[in-house]
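Input: one structure, supplied below.
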Amino acid sequence: MQRDTLVSFEGVIKRFGGFTAVQKMDFEIKKGEFLAIMGSSGCGKTTTLRMLAGLEAPSEGTIRLSGKPINHLPTWQRDTPMVWQSLALFPFLNVRENVEFALKMRGMAKAERRQRAEQWLDRMQILEFADRNVAQLSGGQRQRVALARSLVVEPEILLLDEPLSALDAALKVRMQSVLKNLQRETGITFVYVTHSQSEAFSMADRVVIMSRGVIEQIGTPQEIYGAPRTRFVADFLGSSNIFTGKVLAASQSMVEVETPDGRLALGGGNLPIPPRQGDTATLTVLDTKTHLSVSRPTGAANIVPVRVIGEEFVGATATVYLETAKGHEIRVQKSHDELAGLPLDIGQELFVHWAPTDSHLVAEA
Amino acid sequence: MRRAISLYGLTFSLPLLVWQLLFFVFPLAFLVALSFWTVKNFTMRPDFDPVNWVTMFGKPVFWQAYGTTVALAASASALASVLAFPCSYAITFKLSDSARRWAIFLMVIPFFTSYLVRVYSWQIFLSDAGIVNVILGWFGLGPYSMLNTPGATMVGYMTLSLPLVILLQLFSLVFIDRTLIEAAHNMRCGRLRTVFEVVIPSARVGLVIAALFCFILTFGDFVSPVYLGGGDPTTLSILITDTTKSGQQWPRAAVIALTMIGTLLAVAFLAVRFAYAGQAKGARK
Amino acid sequence: ADPTELTMLAWYGHAEPDIVAEFEAENNVKFVPKYYTGGDNMLGLISQSPAGTFDVILSDAEYVQALNAAGYVEELDPADYALDDYFPEFQQFPGNWQDGKLFSLVTRFGFLGVAYNTDALTEAEAASYDVFWDPKLTGKVGHFDWHLPNLGQMSLLTGNKIPYDIDEAAWEAVKEKTLTLRPQIGGFFDYGGTFSSLNDGQMLAFAGIGDWITGVLEKNGAKVKSVIPEQGGLQWSECFSIGKGSAKADLAKKWIQYITSAKGQAKSAQMAAYPALIPNQKGWEVLQAENPAEAKRQGMTKDAGNAIDMIRAGRIQYRQWPIQQDLETWNDFWSEYKGA
Amino acid sequence: MSSEAINRNRAVDWSLRAYIVLSYAFVFAPIAASFVFSLNSDRFPSIPLGHFSLEWYQAVASDPLVWQGLGNTLVIGVIVGVISTLLGFGAAYTDYRYNFFGKQVYLALALLPPTIPVIIMGLAMLAFLSRIDLSGRAISVIIAHVVICAPFAMAIIRLRLSQMDPALEPAAWNLGASEWATMRHVIVPFTKPAIFGALFITMAVSFDEFAIAWFVSGLNETLPVKVLGFLQGQVSPRINAIGTFVFVISMTLVILAQVLLSGRTGPTAADKE
Amino acid sequence: MQRDTLVSFEGVIKRFGGFTAVQKMDFEIKKGEFLAIMGSSGCGKTTTLRMLAGLEAPSEGTIRLSGKPINHLPTWQRDTPMVWQSLALFPFLNVRENVEFALKMRGMAKAERRQRAEQWLDRMQILEFADRNVAQLSGGQRQRVALARSLVVEPEILLLDEPLSALDAALKVRMQSVLKNLQRETGITFVYVTHSQSEAFSMADRVVIMSRGVIEQIGTPQEIYGAPRTRFVADFLGSSNIFTGKVLAASQSMVEVETPDGRLALGGGNLPIPPRQGDTATLTVLDTKTHLSVSRPTGAANIVPVRVIGEEFVGATATVYLETAKGHEIRVQKSHDELAGLPLDIGQELFVHWAPTDSHLVAEA
């Protein structure tokens, strides 16, 4: 499905004094998509969102909304409502008045704005609390008020800055589906900032991964999870094992890399631009794609002898932590059933192996 | 977004700035100018003559008063801090939440009763035939001469500053993280030792600031030294009033006032430095 | 019609109802008083207020010269006032006149001597300034906190006939003598402090004051009294003037006429705030008729040894500015003495 | 509270509580005595007491100067309260919202005046105001009192602003409210309790201030200046009667402020922790 | 391995006013074990720990340390150092002084305690920060200071109250292995309070699960995860599907339960005391043990027809949310590979099935 572009960032840079928070950012947000922006703390997610909302002006570059440059439009003249991490509900207004606020600022008549507000309160299933003080609501209810307050103007785009991070785990999951459904039903473009991988991956159509003000990768959750493009992304997602070495041989279909842990191969149509021999290359393999065996498997391409250093029990699966002779840590994630037959005492010697097609080359830095 | 200050911003920031410039900075600046004026026959004349500075600084009685005032204010700060601490400590740690709220409320009341009236009241307590001596008399003690002594001045200073010192100490004590105290106990630090090892260091800024406020208040006060201390010994505040009472010597009074301001600024600077000493910049987060 | 407001700058008490009510009623006037706490305070207030702020100004005699020099008061016409009813000594009162022009009119006066607690001292003991050095009074002697009356008394004690007109040697002697008194002193008090410390026995003797304090306390039953000691006493004198630029100078004149008349003078003598002697002979007569006890207590009777006789006998000297020293010199010494 | 049973010592706890009582006794002794003596017949109060009497209240009530002083005090207090609160609000908002060169100096100007001894302030004010023909009038007291009261208002309102979720103001802009509209619909409603609190506290401070007022008030003496006058001149239990009276007014204001400052104002950023 | 008992709680009750925070608690802590105490907020975890540390006195019952009752020993006379959630580092002392504190209180000479402190700082790899102010450290570094401060006295037992909850996800995982290693190397008994399942399960030898002041289950992570003993535990862990119904038939080896969603069977030696016919019974099955199929599977014992309501993407696995005809939510967790072949559009009708041996009976309440 090809969607129209709603927002575009064109060479946008944001500096605070001498510090560059966002570096030359170029990307587009499509009409109607659910875009998540992820990255570690301080990488510039909020700054990006705030520039879009008009709370910060870009130092360079242009931000366009529906094609028009909006760099210097004051916040209150844009329709880019935002949901804040703290929610920023007005404590001196009741629920209804909070939701009416934006309509009142737009000069809408009392009766009409009341009706519109109630419509949204109803939709968010909090109409019964309309006359309550926001302090009297639960976390989830407040979240809904904040959403209603921003959505009541029926904007084309909604910006959300870690809106769920203050909720407890159970509520977080429940609100995720509320958000996802809302976005689907209204067709409003959502730009959702978070540093939770699970939030981004379970809700977003596309995910932007940032690091130190730079976009590292943009793609669907599956693309990013399955094939992180840079070492940073692989590291950040934390589900890949990473190896670095010198390229021994390289062709369109197969690359062989000499790493401290042995010779590793990857291949199978993954290589638009194969590296050259002698280059340094970094390759990754998902911890769910690695296998363990007691004896050296025959016929496998990538085999690394390891010792068990620990096991971590995480719900349905367990992660086995292993160490190569060089002290490099390797993780293998398997279901309890799959691990049942293996001896996993600490110090036990085992072999990790995986298929060359499950390996990917990633860019360093 | 923090943009440059706009018309909107100036509407809020300028009025106070203008007011304080006109009516705070200018008067103080004028005080400086005034200290160089001369007086003849009850009339002041604009001038630029250091004579007032030379005269005042050349008078032994000025330095005597200066020493006395600094000593009195410093003693008052030490005394108030020591007297207030057990009280604010007990209010913080030994009272229920509601009792503590009441205690704070009650401690605010003195701020709204006239200090003059309270000092006048103390005269009735402290005089030779006053309430205190009458009560002591029931136990066969006294009478003691209390009024018109530095001790009585100190009572007045405590009246002036103790409520503030208690409140300031209280506010720094209630914000002590209780787990720090538990953590100290947990590491074999007994009750009393915890007060010195944990409570006081934690509240240090507040304790020093409280003492500083006591110093500021008592350093400039003229009510207690006059009405309880009997004007003896002479403090700087008494010297100021005396000076204005003698042939319109306002310029000389200005010299005293400016010396007092200088002293207070220096003391405040040192106290704040001491309060935050050892706390790295990042500590305030 | 609304009463006309007349502003008066004065010591406390002069615009209280016991004094002004009758005049206010007769003339549809309302006094707005500003009470000051000392002559310098008074000068300060005048100099820092726009001209014409004060219609009537009451000032101690020695300050009238300063008022005059600074041009703060209007000239008065002697013909407007019943000066003839005054005792002769008060008709040409120094300070009221300047180059033959009248600027103020003395309205009441009093004597400063030794004030003492009658339980602690006998009148005979108090009859000399030396009593202040009495060991049983250590820490119990108070000063009214103003150099002029105190140093004047010390000057009398050291044998100066005119206490304020003394040469350097005599001044040194005064200082030396005064400093020896310092250990005896229990405090330096303003008017209020003087009142209460004498009343409750906090101080047993006081220098620099007289009946204007003890008279009030006596009325309240306190055991205090003032005497003029053998070395002689000082005289304070309060004078009325009309403020420069007053828009109500006529009314102000009327007030001064009233308060210097026999009737007004009798009132003034009995002022609730503090009693005083009056310079108007006819006033004495009215007082003797109205309140013989008070006339007797204050010595405003026809008996020998009355107040005017004391003046005539040379036992009383005017309080005035030091003549051979600067005012500053005296004041600086006073500060030094206090700080000693 | 929690380690009660194990880590506490009853004797220590009770002696500390007794110490609290002693401290409060010291603080309240003069206040209570002044109240008692205001109802006592003796002009120069001493022990034993005279008899019960309302004479000092009557004396006060029948003294037109006291009424005039009270009127001055009230008018001045209200005007001072309003101006100080306006100025303090502006300064608090400036500090909250803006960063600019010289902000430290600005804040020093906004907060320093109460630390200058009143006697010096009074002296400087009188000397200065008389130069520009502004002394000796009610306005002189107002000017001087605003100088020392505005910092209190600023502190109170600034404290409230610091409890405000910093996202609240941008959230309002983001919802289409201009800066002015946000001021009217968000900042002012949020700080309202503090605004009234500041109003009452600054009025109370002005009601009670005598030293500066004594210097600059000229003919327009306020009630506290009258008290000083009584103390300097006519020692009289009227001091106690006026003191008791002023105390009642001030406390009323303070309690009002207290109620407003702690009233139902919804959650603050702090409670959301 | 049979270990000696270090701590025992014997009938311990703790009341706050009228409220009972801990109800008749009986359990033992073995020397050298890593015991985690888990439970939802307010269930009494912290209270239990604080009683052990001497910060609260039990209202009833006895706590013994190495056999000696310690109910009324003041905190400062016990050696039960604690690591606080807030860390409770002394902000007015530098790192070294913090670590020396406990030694100083024991009257150790300056030189010796300095040496001991540095030894621990070194061990915790923060020696280089010894002279820093604690405010200048990162979260993880502060954590290490807190550990060093408590461990410097080389106690027999260390109490930890949610020590990692303030850290971000990545740091949390890293500190978990630091803690686990430390416990293994020193052999010190760790009592670790948390409400994070993953923390408890990945570090602890045994886990105590509490609810409203009552211990619901004690066991190894595997025991508890595989066979929750009560409905609360099953619910709390959140990885089981739960069904309630009437017992139709019951034998030593097999139980049949009539639930609103159909007739469900369980069995296979799991039933020490089988329920009686007609009783109400609650049974659970792990979401990883349930399977999905498009057509009704033949020969399976437990088959429930469902409709898809959503899918959640969580790293290596995905959770499919389904709904029975009665509106009961069922979750199935599978790897992406396993789900690849299934149509998972919302509303799609599917069948959930599982083996009777994967079901367990749990106690209600």
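Letters A, B, C, D and E mark the chains as written, and numbering starts fresh at 1 in each.
Note that in this section contacts are C-beta pairs under 8 Å (C-beta built on N, C-alpha and C of every residue); 3 or more make two chains touch, one makes a residue touch a chain.
Which protein is which chain? UniProt says A, E = ABC transporter ATP-binding protein; B, D = ABC transporter permease.
Worth saying up front: this structure is predicted, and the values here are computed from it rather than measured.
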item	value
Path length in steps (a step moves to a chain that is touched) from chain A to chain C	2
Superposition of chain A upon chain E: rotation angle, C-alpha, nearest 5 degrees	175
Higher-contact pair (C-beta pairs counted), B-C versus D-E	B-C
Averaged-CA centre spacing for the pair chain E and chain C, given as whole angstrom	91
Chain C and chain D (ABC transporter permease): spacing of chain centres that average the CA atoms, whole Å	40
Length of the line joining the C-alpha centres of chain A and chain D (ABC transporter permease), rounded to whole Å	54
Inter-centroid spacing, chain E versus chain B (ABC transporter permease) (mean Cα positions, whole Å)	55
Set of chain D (ABC transporter permease) residues in contact with two or more other chains	3, 7, 46, 129, 170, 179, 231, 235
For chain B (ABC transporter permease), residues contacting two or more additional chains	1, 127, 129-130, 182, 185, 227, 244, 250
Per-residue multi-chain contacts in chain A, two or more chains	54-55, 75
Chain D (ABC transporter permease)-facing residues of chain A, complex	53-55, 74-76, 79-82, 84-88, 90-93, 101-102, 104-106, 133-135, 149-150, 153, 166
Residue ranges of chain B (ABC transporter permease) touching chain C (in the complex, touch as defined)	41-43, 59-61, 64-65, 123, 127-130, 145, 147-148, 226-227, 229-234, 238-239, 242-250
Sites on chain E touched by chain D (ABC transporter permease) in the complex	50, 54-57, 72-76
Complex interface listing, chain E residues touching chain A	168-170, 177, 180, 197-198, 201-202, 221-222, 225, 238-239, 286-288, 310, 312-317, 333, 335
Interface residues, chain B (ABC transporter permease) side, partner chain E - complex	177, 179-180, 182-190, 193, 197-198, 201-202, 204, 278-280, 282-283, 285
